[in-house]
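First chain written, first letter: the chains are A, B and C, and each begins at residue 1.
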């Protein structure tokens, strides 16, 4: 699973209702045993707590064996290509979760690899499992129609993946870049004041200092939200720093801990989806 | 579990006799299954072999799932607070073992976290599980009355935790700082020559170079022990370097391998204690 | 297991036919349970993907508990000796797989350790499990008589281990150093042109830049192989860089993915061999 583009409506529903799917599957001893003998490989070339730990936890929760490959302990140091590393690791497990700084790295890896590769972030490219858990959380809220993305949209893989996924699902996605240079090239930019009164979810992104860009400063405050619906919920993929004012940390509109709480479940669903899909080949 | 201060006599006895407690518990299939489905999270912000590996081994020995969070792979790099990291990780496991360089970090983490946090060393603060395994080892020896701490006492979390725990249990604790500046502010300092003849356990600490202090040199030699009881045992939390002379490495009075050998068992007892306490809530 | 020197013919056969040995063993519930309660400790002081991950996978595949000790998280930082680290870790597991930069480190570790230590590379010393999986792969090919080693032979632990193992097994081993300074002191050096027509396996080694040596440049090309048998197979312990020309990457004569694919199986056999040997003590 490399991009949300490849997800059919049926696949999305399978991952969303995955709780039921894999609970049913797991209630049958044979299905549980099938997963219990599969090995999940974690291959992270970039730092991550949330995605790394939630895939690890998802694998453990499914009873899988988990094999984390330490990058500081890896042949990368000896100059091995991603392709050769993945070709090697496919002999040691049944599914590879890959985070890598290069756009398209997940697809590159899949091309040389017979076991499924799951994209856990490919640079400024995509982050489909984050998008799926965000969709899960948005649907859980009940009556969301409009999702507004705010901040550095240009360098955000979450915005790229989630806005495509939401569009597929009939949500209205609006883009409010924090600065003229931070918009998406293929989407119209709005001002916050144009959309604040009817936005249901405000999705705030992090200034992408890691990608070698100079961070533009911006901050969501209570004042900025004063014209919003009382039912507004604020999303963030975490970790956040100054782009969310400390006064919103404990605000009931904050939805980020809900996102985190759904992460393990949705990633377990993704693992089941990917491994069941494979077992039918 | 953050400090030995919070441990009642009953709790101490449960951890000490834990072998029996958790062996009984584990002989009942339901109890064993309850542990087998729980996930132990290891969150170490500071280097450690012994404590890290013995908690890891304790979890595995109990049949738990173990999720180590690599700090070099963590959102710390993105500037996330300890509180937010712990809030995130509580969604991924049932108990968090935390080592962190700041005094009080374990309590800070617990305040925002619904799953139990176990302090595996909070800077110069406390190290309650080391103290518990040392108490276990001291009680195992049989007839210890007087424990003398020697070396850098001021910066040692082990001295802080263990001396409080031993005092609760009726042992006599004596402090022999290796230098006038290295004593505990709230305990009288003795000279080794005042206490060497009746000391049962000599607990030697490491010069705390890690805490940014200039290490004062001191060394325990055979000569220093010549007036001691033949039954004297020397403790050390390891690793040691020059503060123990090489001539004592294989000395029968050395007790440090006994301490290590008890570490996994006592930490397994602590995990059972903490998780059973929780399951009754 | 420290050197191929210590392996009897019977031990070699047990590891080679290990598939059968441990499949039989595992089909008996008691044997499977015996392994399931044993803990495999991975102690790697040097970077490695292949060896690390394949031992990890082998342990998981056998149903063992796996405890990886992160070196960056280790008391090495506090100046602890290898001996003390291993003495500590033997309390936490049943077998230690050790990679360490010093020749003889595996034997040094074993001397102070009651659980078996498996050498996963001791500097320029030996790499017996790599040699065993290479022997397994060579035997799998069927009709190999002559194995020619090419490249930096002097600093290669794989050449050292494998040539001794092959000699024991009646294979002809020939040495073609890429440069006059890169030969083995105790083996005659050949020119490639003297041996190319009858060589069955060409084993190419990596220039050993890690060991602080200046790498001599050399490269195997299609042209170099034009007089070879059509059945020639090229081996490499991976990762490779320029010593194999890119034009050979997808060549049917390349055998390195076969080597990798056999790695997990042979290392599982080694673990079974070592643990069964022990359980009879």
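Everything below uses one rule, namely that contacts are C-beta pairs under 8 Å (C-beta built on N, C-alpha and C of every residue); 3 or more make two chains touch, one makes a residue touch a chain.
Please read these numbers as outputs of a predicted model, since none were measured by experiment.
Enquirer: To the nearest 5 degrees, please report the angle of the rotation taking chain A's Cα atoms onto chain B.
Expert: Rotation angle between the two copies comes out at 120 degrees.
Enquirer: Determine whether chain A and chain C, two copies of the same sequence, contact each other through the same residue numbers or different ones, counting it as same when over half of the numbers at the interface appear on both sides.
Expert: Under half shared, hence different.
Enquirer: How many Å are there between the centre of chain A and the centre of chain C, using C-alpha atoms for each centre?
Expert: That pair's centroid distance is 39 Å.
Enquirer: Provide the list of chain B residues touching at least two other chains, using ranges where the numbers run on.
Expert: Within chain B, residues 68, 70, 72 contact more than one other chain.
Enquirer: So in the complex, the part of chain B that touches chain C is made up of which residues?
Expert: These residues of chain B touch chain C: 44, 47-50, 52-54, 56-57, 60-61, 68, 70-72, 206, 210, 238-239, 241, 257, 260-261, 263-264.
Enquirer: Inside the complex, what are the residues of chain C that reach chain B?
Expert: The touching residues are 39, 41, 65, 67-70, 72-80, 84-85, 87-89, 91-93.
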